[in-house]
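Two complexes follow with chain A in common, the first pairing it with chain B and the second with chain C.
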Partner chain A sequence: MVEQDDARPGVSRRAILGWAGAAAAVGIAGAGGVAAGRASSPATGAPTGASRVYPFTGAHQAGIVTPAQDRLHFATWDLTTTSRDDVIDLLRRWTTAAARLTQGLPAGEFDPGAGPYDSPPDDTGEAADLAASGLTLTFGFGGSLFSTADGTDRFGLAARRPAALADLPHFPGDQLEAARTGGDLAVQACADDPQVAVHAIRNLSRLAFGTAAIRWSQLGYGRTSSTSTAQRTPRNLFGFKDGTANLMAEEPEQAEEHLWVAADDDAAGGASGGGDTAWMTGGSYLVARRIRMTVETWDRSSLREQEQIVGRTKGEGAPLSGGTEHTDPDFAAGGRGGEPLIPIDSHVRLAHPSSNGGARMLRRGYNYTDGSDGLGRLDAGLFFLAYVRDPRTQYTPMQTALARDDAMSEYLRHTGSGLWAVPPGVPEGATMGTPDGAFVGQGLFT
Partner chain B sequence: MVEQDDARPGVSRRAILGWAGAAAAVGIAGAGGVAAGRASSPATGAPTGASRVYPFTGAHQAGIVTPAQDRLHFATWDLTTTSRDDVIDLLRRWTTAAARLTQGLPAGEFDPGAGPYDSPPDDTGEAADLAASGLTLTFGFGGSLFSTADGTDRFGLAARRPAALADLPHFPGDQLEAARTGGDLAVQACADDPQVAVHAIRNLSRLAFGTAAIRWSQLGYGRTSSTSTAQRTPRNLFGFKDGTANLMAEEPEQAEEHLWVAADDDAAGGASGGGDTAWMTGGSYLVARRIRMTVETWDRSSLREQEQIVGRTKGEGAPLSGGTEHTDPDFAAGGRGGEPLIPIDSHVRLAHPSSNGGARMLRRGYNYTDGSDGLGRLDAGLFFLAYVRDPRTQYTPMQTALARDDAMSEYLRHTGSGLWAVPPGVPEGATMGTPDGAFVGQGLFT
Partner chain C sequence: MRARRSLTALAATALLIPLAACTQNDVGAAASGGNGPTTLTVDSSADACAVSATTAPSGTVVFSVTNSGSEVTEFYLLAADGLRIVAEVENVGPGITRDLVLAAQPGTYQTACKPGMTGTGQRAEFTVTDSGIEVGPTGEVAEQLATASTNYVAYVQDQTEQLLVATEAFAAAFLAGDDDAARAAYASTRVHWERIEPVAESFGDLDPRMDLREADVEPGTEWTGWHLLEKDLWAPTTEANGGVAYVPLTAEQRTQFTDQLVADTLDLDGRVHADDFTLTADQIGNGAKSLLDEVATGKVTGEEEIWSHTDLWDFQANVDGARVAFEGLRDVVAAKDAELATTLDERFADVQLLLDAHRAGDGFAMYTDLTSDEVRALANAVDALGEPLSRLTSAVVL
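Then we have the complex of A and B:
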């Protein structure tokens, strides 16, 4: 990585894109944990935490138990190649770029052999003045990567598809749009600055040109869950606090039980005939659901009705059985007429672990507003993201019950869906950015 | 505004929605300039400036020379009523709500006569824990409010339509979608927290139910212009600094010349036969253009080509004639071959005041990313917002030249458009929230 002159005298490409001297020293290998960042920090109006930097490497991918950032850009890609090597090359390029971007560096490697001024910049530049902003990039593999609907083994991976990556069933009331559902590859970009998250997805997509094309993407703008007890419980677009009972980063034992795939998991056991699925050990499964909320109808329902549907008070977020936000709901508590204080069809009751065999999830969803629908209504709702050790036991039964019985369903419409296997992290100290360097999901291909 | 019991003993509606005691003291009249705010401030990850509060009242509406906030929710409505009184009532409700929301208060007045628990909440609640976050709400009137395309005078306002509010012409290359164009009423909500901006638009829409329906709305997530010399020049999705030559709040004489409608303006003079258009004195005109950028194609063009198209360097943002970002471009400077250093068809040359009879604008646009287009490309670009004293001389000639000659046009597609008359502000000290209280645009109806 040598400083190069280019066609415009005295201006190096590195200077053009705001490369700081410190950045060059970090290099592209083992950037994890190094608090490098772009030289200048945002001026007025920048989010706090702009200088927050999370390590890219580790036993698990970042962006799962990482305290939920405020902004999301989520995207899925379909592979346009038929070559397994192309897929591996893409994952290598993505890994190298992700290791840089998450540390606040431009996406691209500096290539001293290329004519820098007469080739496209190796970073699109719109985040050149912005800090890392807590960016995490989390990669997932969809079922379609392993085999298509007609059973074609596209890349010789069918035997390595985990049983837990079975397609989600059709749930009652689903109104899924193909253009918001599925995808061979998925990346969750979270940051405290939306421009940083969008920049990351855009540069990953640029690096995928010719190998994979974006299938769909979704922006989210206000986390709807806390993943750390240090975070205040946020409100969803129904105006209620959401995710009070979420699995938190401060519960490592709960994470071992509910979040991370273990070596001897059924979840890692191949459904397709004893394939080796050990590559998922230390990984997790990501369920995404785009849930449109009919907010205009909700806004015309009474406060009483809203609280009966949710099962919590709107202000404090306390269960209707009493107490404060973090008081455990008492589902047995009855009112004067003997009927339960927390209604049988309330959301909090049906979604509670006690109604779901003790299953817990790490929720990491975001509010979204995608303009309006042409009928005078906002296209707004919840982009639900949840990480689980096994979706077959931790998501599907709960969503089946919710879709059938939840009083809230009247105000919800599931319009997009996806399930991805999220492999473990790239190990600390791994070398990235070389032709045979480490990459995310490497275990699947070796 | 008396504390009320409701059906749930011991819990007041005000408490339910997080009304602070201080908020009650502010009331709904003359809230401008009072730095009230919701009791709690965001925990981790909140934008800086969350506690920033701008006055709602003043000679001009807020949200124009106000230092550009980081987030936008822009929406337009079509009136579904045929009653002029309904329109006035709506503007009164909106004014009252805006005076509250911009000060960090819930949208609704507290109505002690209503049964609080068995009626819908008078605020949707999702911003209950968030501070004012620099929210401004800026209201505009579209040409269709004054008369429909077939000439119908819907509300007896046709004679008061300013000549400057003539419909924008069709520009070369326009690919406008009806579902992203026009609207009887427009509101620009800007804040440093997107949830606050979305909350404001949603509550205005809720208050419009039965009178007006949302026509379209647009979120933006990174300002693309500075409106104050204290702000760093941001970058657009081409990765270039944008709006370097913008009209700034620190140039009051320039604002008088280029921004605010004066009493004897042609711009205020009725086109439709000598109507009284004095109601626009102190107002401005808002041009909105949704400009999709074909970023995938741009990203594959060389740095040289990108800089030749923009006419500035990508890193520093300096004109290609030399200097630094704020150096005036020297359009006469020639290179070795005699050709101009800043190309004839470059964006900076064609958009520069010197190419446009000295006309300047106050630009206030935002980046947008609305997912992807189903063809593997991001639906991303610039939501261009500009305030001018007279769009006929300050916008239309410039856009005509750009659409015809700008080398950048190859990478741009105008998909939405609108022009609104933005009346002056509600005067300081005005009484709002009463049946005959002051409202934005009142001069048009009196």
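Then we have the complex of A and C:
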């Protein structure tokens, strides 16, 4: 049967799996690449929900300042190969697939219900009737890609590791599980339809077998942050609005200062420092923390305690110093007896940029609920995702203070963690899907 | 033990009042029967205190207080004499709305807003008409709460005294190198700490020095206290120590850390014996809830005593402390919410029955000897108790 199929004109197994097939697939976007062909269309109308399509290419990867979608499937991989060429090959194939998937196309050349009858379908099929749903796929490189814990340089990349990609320190109270921590590669799949996000990770994983294996993955729902002023501030599983003071897409100057790695960060001793790290220019760093909330004990705490811990009202989300949600907190405001209206150990005070040398971050987290824990409690919480220009100044100091002083820590457990360098985007108009086509993170390998 | 906010920080000034001032007009449980609460709005501006109605039927009344002024405001419901505070909300920031919920008895009152938190405020007459709904008993609640407070302070003092004596004996054995005796004394000494844990934690500087778990140590700071000594007494294997060979404390270190623990215990004992050391009804109620939280997140999971596995001793001690707190307040609870009092009686008994099944010798089985089904049963009982116990404070002070 195989021979029969292989004999069919123009549809050889090699053609499906090899570069010839990929090139043919990308033929649909012969002018200007896959993304450019489709990307501009949604801007003209006002696409909503499922029909929303975001460009895959651009100066920065999509999925960062993109308005946060409702659903997340995040996955990390460990490379099982020791071949640098295999890594490059995987990134090329991932790039090609991602460029297609984000535009609502199937992962491979053939639709899930088409192609050689004795060959597994190119695309797994569960998203066949679903639109792009605003899917973005964002790729990151973990510190272990550059050098493993014991210092092994598997891929000749150790000298290219940015200083900003130093492993995060142990924070007080960390209860990190190895099976939820780290990973050579990470992909953040966000979409407004959970099945679209899961479909993307599943098909990327399929392309990786033999080169990389999933280390862990995490589903998320109910985005917990706004990344655009047009979005309503969502609520976390404590029932409070979260991320009110987030960095927004509408603040390009703030993004330049706090989000994107600049070409001179090396010289400034900022994001890089040491080694050739120009490949990160236009990129960002992604911090992921799986933060379990002990929601059962939280739910037994009084409204007074909850608001005192958060530092905001539960209903409106206004700082306790007064005003409405987007009113700046007045940390000097005193109440009866001169006690600060926003307590000293409240979350909003400790996490606020004014308590952290002005440092801001772009938060993009999601709620999660992974069943229950065997003791009758939900394994639920926040899958914290944040993009920063330099985690050493924008994340580590803040988390150190929070872990030590935040009254909320009583109800939190950090069970997973990771830090990834997120390289710049594939340039608009670049050719993808050919044996020497453009791929995400290409600058690191040239 | 994890860092936690202090009891004193959470103490609500509004909740102190019933203890001191509310003798005749104390308010009962919000037993509004089939009728819902009556909700009134209060607009507190710079120059007015606009209440949406001047009367309400007796039963549960909600004043939804909005601060439309530019200063922090307060809202009071005062007795007819304009002096006695029946209920209040404080620290309402500009633009913020906060509810004052109370069980109002028929009578004549005054409402008052106090923008800027000074002066006598903007006052108006307010009448609660008789709806026929049973609102709750009047009488001796303030006296009962004062007694509860006095008794609980005495309980705390007794526990720190016993803790001090036991810690000194433990320290002597540990310093003498008699590790068997120190191990034998470890859990039974810590019981006195665990019974009053929220009080000890309210002294923010003592708790991290005395009861910090290794995972909670901030890099660059020194780990001290009970769990450091625990680890030294039940020295872990390399595998259990994260792949690093455990290095026992030197004799010098033993002296240093033991001396500090004894000194800190002495300090704690001194602080709870200070003339100005008091515990209000809401602090006692919140403390009971905190003790059950401790059990739920630290003891029933075996995380508190990861080297000695004496978690069930701590478990029992936390439950002891919570039960003593509840029993001190029980008369008040029974008068205001008899069903809650009965439920708590039953749930405390359920937990105790399960704990008793794990008694061994003078103490308890090791946590690691429990089956997963037994742990699950304990966890269920703790959650079954923790949920109604979280309503203790509001039942007492509302």
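Operating definition for what follows: the second predicted complex is superposed on the first by the 383 of 446 C-alpha atoms of A that agree within 3 Å, B and C clash if a C-alpha of one lies under 4 Å from a C-alpha of the other, contacts with A are read in each partner's own complex, and residues count from 1 in each chain.
Throughout what follows, a residue touches a chain if its C-beta (ideal position, glycine included) is under 8 Å from a C-beta of that chain, and two chains touch if they have at least 3 such contacts.
The shown structure was predicted, so the numbers you read here are calculated from the model rather than taken from an experiment.
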If you tally the residues of chain A touched by each partner, is the higher count for chain B or for chain C? B
Taking the superposition on A as described, I'd like to know which of chain B and chain C A:301 touches: first, second, both or neither. both
After lining up the shared chain so the two structures overlap, which partner does A:315 touch, if you call chain B first and chain C second: first, second, both or neither? both
Quick check for you: in the superposed arrangement, does A:327 touch first (chain B), second (chain C), both or neither? second
Applying the document's definition of touch, where does A:376 land relative to chain B and chain C: first, second, both, or neither? both
I'd like to know which partner A:336 touches here: chain B for first, chain C for second, both or neither. second
What is the contact status of A:205 with respect to chain B (first) and chain C (second): first, second, both, or neither? first
First (chain B), second (chain C), both or neither touched by A:174: second
Classify the contacts of A:195 with the two partner chains as first (chain B alone), second (chain C alone), both, or neither. first
After lining up the shared chain so the two structures overlap, which partner does A:69 touch, if you call chain B first and chain C second: first, second, both or neither? first
For chain A, give the residues common to its interface with chain B and its interface with chain C. 296, 299-302, 304, 313, 315, 374-377
Complex contact set, residues of chain C against chain A: 2-5, 9-10, 12-13, 67, 72, 74, 90-91, 93-98, 117, 215-219, 286, 289, 293, 296-297, 300-301, 372, 375-376, 379-380, 383, 386-387, 389-390, 393-394
Write out the stretch or stretches of chain B touching chain A in their complex. 7-8, 11, 13, 15-18, 40, 42-49, 67-71, 73, 75, 116-121, 123-129, 134, 179, 192-195, 198, 201-202, 205-206, 209, 213-219, 221-223, 228, 230-232, 234-240, 295-296, 299-304, 306, 313-315, 367, 369-372, 374-378, 380
Could you pull out which chain A residues touch chain C in their complex? 169-170, 172-175, 294, 296-297, 299-302, 304-305, 308-309, 313, 315-316, 318-324, 327, 333-337, 339, 341, 343, 345, 374-377, 400, 403-405, 407, 409-410
